[in-house]
Each structure stands twice: as C-alpha cells, then as structure tokens.
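Here's a structure for you.
We call the chains A, B, C and D, going by the order they appear; numbering starts again at 1 in every chain.
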Amino acid sequence: MTEKVFDLEFKVRDYECDMDHVVNNAVYLNYLEHARHEFLLGLGIKFGELSKRGISLVVTRIEVDFKASLTSGDTFTVRTQFSRNGRIRLQFNQSIFRKLDNRLMLSAVVTGTALNGRGRPEIPIELDLVLGPTD
Amino acid sequence: MTEKVFDLEFKVRDYECDMDHVVNNAVYLNYLEHARHEFLLGLGIKFGELSKRGISLVVTRIEVDFKASLTSGDTFTVRTQFSRNGRIRLQFNQSIFRKLDNRLMLSAVVTGTALNGRGRPEIPIELDLVLGPTD
Amino acid sequence: MTEKVFDLEFKVRDYECDMDHVVNNAVYLNYLEHARHEFLLGLGIKFGELSKRGISLVVTRIEVDFKASLTSGDTFTVRTQFSRNGRIRLQFNQSIFRKLDNRLMLSAVVTGTALNGRGRPEIPIELDLVLGPTD
Amino acid sequence: MTEKVFDLEFKVRDYECDMDHVVNNAVYLNYLEHARHEFLLGLGIKFGELSKRGISLVVTRIEVDFKASLTSGDTFTVRTQFSRNGRIRLQFNQSIFRKLDNRLMLSAVVTGTALNGRGRPEIPIELDLVLGPTD
C-alpha cells in the first residue's frame, strides 16, 4: 500500500494577506485544497478521468484550528495524511508548519466522499486500491 | 441587550465558481467573514477603532458542514447568531440558505477572541455591552 | 435595439482589501467581470446555453487606469457600456464610481470575442441582435 | 547596475480555474503582482521599510493581452522586465510562458509610481540606485 503522507511547500504571496498583514482565513483553505489535489495526483487519482466516469470528489466537513498567523514572506509546509473513515468517507488530516522555526500554525481535519452519477457515495476503484480495505 | 441575529443576502458571482461549476469551498469562508463583519459593524463594533487601541479580533476555530452546493446565479442568505462562550471566547453560529427553496446549504460554528496589544485575550468594552455578562 | 448601459452597485468586502488597506488590483477585475456577466444576463445572453452550443465568450485584452483606491466599507457603482468593435470584437467600457462623492476611481476597456467549437471567432445570433449590425 | 530581468516559476492551482476550466482573468494579475514583489525583494526593495518611511508603491495602469489560457496542472514562468519611464514612472513589462512548449500565453505592461506621505510621486533612493538615472 502506498505511503499516505505528503508534504508540499508554499510561500505566502502578498495578495493573500489582509489588512491585519496576515494570511486571510479563507486562503488557508486554498492551500489545503491545493495540497490535497497534488497529493491525489501523485497517487494516480485524476479528477478529469473520474469526472468522465461521472464521479466527483466532494468535501463534506472541515474543522480548522488556527494556532498562529502566517504573514508576508513566510514559507511553510502543508503536511497531508490521508485515510479511510468507514466505507464511504475519506479523511485528510492536514497541518501547516512555518519553515523558519517549524512552528505548527494550523491543524485541520477535512472529510470528503466520492459521489457517482446518481449522487450516491461510491468510492472509485483507484481510491480503494490506495486506501486499502475498510477495517 | 441588542438582538444578536443578523441576515445578509448575497448572489453568487461567476468567478467564485470552480471547474465543477459550484462555489469553491474557500469562498464560503469569505461569505461568512463578510456577514460577521457587517453584523459587528451594525452593532457599532468598528475594527478600525479597536485596532487603534491595539485590539484585534481573531478567528481561532472553524467547523463547517457542507450540505449542498451553491452554483452560478444562486442568491442566498447568510444567517449569523452571535454569543459569548465563556469569558474570553466569542461564538458565531452561521448558516447559509438558498433563496429559491430556503434549503440549508451550509452550517458553521466560528470561534474567535479579541487580543490586546500584549497578545492576551481581552474582550473590549463595546463587545461586553453587546454580549452581556458571562453566565 | 436594447439600451446598452448598465449600472451595478457593490460594497467592498474586507477580505478584498490588502495590507495597504485598499482593494487589491486583481479584485477590480472580479468586480468588472461580475458586472459584465450580470449585464449580459439581463440582455438574455446565457453563458450556459452558449456553452451547450460550443460557443465561449473570452476576454482578449484589458486596459485599466487606476485613479484612486477603494477601501473597506466603500460602496460603489460599476458602469458598463457595451458595443461592437468591428465584425468579431465586443468592447466593454467600464468605470467605477465611489458612491460617497461620485468620484471616478477606475476606468477600463475590456475587449473580447466569441469562439465557436473550432476555436474560430463567431458572434452568436443573440449578441448580433443585441448589438446591431456592423457599421 | 543590477540586471533587471527576473523569471519566476508557478504552477496553476485548481482553485484558480473557473467554470470554463481555465485560469480566471483576475488571477493572472495575482501572478503578475507576486512576480513583481519577488523581483523587487530580490533587488533589496522592501515594502515594509518603504512603508515605515511613508512611501507606498502603487499601480496606475495595466494593459494585458490574453493570448491563450492556462489550465489545471500547467506550470509556467512569469518573466518581468523593470525599467524607468520618465522621472516618476516605473514600468514593468511582463510575459507568461507555458513551460510545456514555451508558448507565450499573456503579455502585460504595468505602470506604477511611488507616493510619499503627502501623496506626491517620489521615487525612493533604493529604486533610484537600481534603475539608474532618467535618460
């Protein structure tokens, strides 16, 4: 089974900072999404191909703890761990570490599922292979 | 004590939609933030004035349940309820309803606090007056 | 022929402002796009229907003069004028006026065209009717 | 005098793509701004320090020609050339090249200036040194 931890490095861009000179809350969700997509791509999960077969990956719940704020010029790593949560739920545990001092800036749990063409949860075979069987 | 429920109406803008033709997850946080800021402004809480006194309002935790997706052209209401959660925490319960059918699209709990110039939690007097005493 | 001037009112949202406490340059393009789309929608031009027929509307050139900066709390109007520029080019002249004092904050010329399924410029019949014949 | 051409590499993130599966127009301005800021930073021009002295760098005009569209997964380079345009104007010529085939996707001319605390154009000494004297 493929190793299911993935690190992706980013640098804060000035347009992502708000009037308080820190990265705006919503922008962190952009970072987290990009890290998940790059992770899945590396595992051979292609959104385009799934889409052609009528399968879409959707986020159903997000919990985010904001611990400290990234600011202009910061570089940081998004660490993503991916696991199965029951038969039809996918769970991503994601953390953001500032590069300067390895400080934990944010931790998040993102839950999703895959929907087939009839809008019903259905985990596609590629994900089944990557994630392994339900416990 | 001021009534602490606030409704704000929005319309989805096409640039807020992603390749799946639905509003991108992060954009919902923009909607929720704008509703909170307009709510606080209506209660006489001015970010600028707080800022001059060295007080900043920060979000510490967000929980969002995505129930259905807004799409291009949808109009919707963000409903915000505001309450105190202990001595130093502010809690916003927020829901998004699609106007067409009043369907609940998203519900969220956003927790925040106010930090004084020394980075310590301190609820400013304006918020104290609006929120009432700790239970 | 339909009147081809359209005004749309907006209010600046705090997340649209950057570290200098003014609306970030790129955000103005969002405002301008939303105004164009609402304008076309009001004229009966539906992106979805065009898309089903394999026609997409694309922007080919933008010129923007930034004259003064919108800031947190400002309300403003985007005024859009729509005209034909030769056989296959559409031209939008757009201006942003601050509501407080009717000051001109920005003026822009946005040029676009419609592409058919073979990637060739082709103005669809709905637009032909709205815009009138080439001079 | 420092060489005044700067290349910065990016990868399109899915949240930057719109319903047509291409990068939204406004997002290109984000890319261009980030490239300019990184460029200036590399030349020793620090926004923070300028700001403390009451000097702000502002964009006054943007011209963009959109030649082809970036899409999900594309990597690309923003090339920025920086020059003086008269005594008080700064000019950035910027181009975006897709990495796959080195195709020119966009070319832009961005004009700006520096404003002192009284809102008057004034080029700070750091920029003077970098840009050289007016012709």
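Points worth noting:
In the analysis below, a contact is a pair of C-beta atoms (placed from the backbone, for glycine too) under 8 Å apart; a residue touches a chain by one contact, two chains touch by 3 or more.
Everything numeric here is computed off the predicted structure, so don't read it as measured data.
Rounded to a multiple of 5, the Cα-based rotation taking chain C onto chain D is 180 degrees. Counted by C-beta pairs in contact, the busier of B-D and B-C is B-C.
Comparing mean CA positions across the assembly, the chain most remote from chain A is C. Separating the CA-averaged centres of chain C and chain D is a span of 23 Å.
Centroid to centroid, with C-alpha atoms defining each point, chain B and chain D lie 34 Å apart. The mean-CA centres of chain B and chain C are about 30 angstrom from one another, to the nearest whole unit. The set of chain A residues touching two or more other chains comprises 14-15, 19, 24, 26, 30, 33, 47, 72. Of all residues in chain A, those touching chain C in their complex are 14-15, 17-19, 21, 24, 26, 72. Those residues of chain B lying in contact with chain C across their complex are 13-15, 30, 33-34, 37, 41, 47-48, 72-73.
By the touch criterion stated above, chain D contacts chain C in their complex at residues 19-20, 24-27, 29-30, 33, 47, 56, 58-66, 69.
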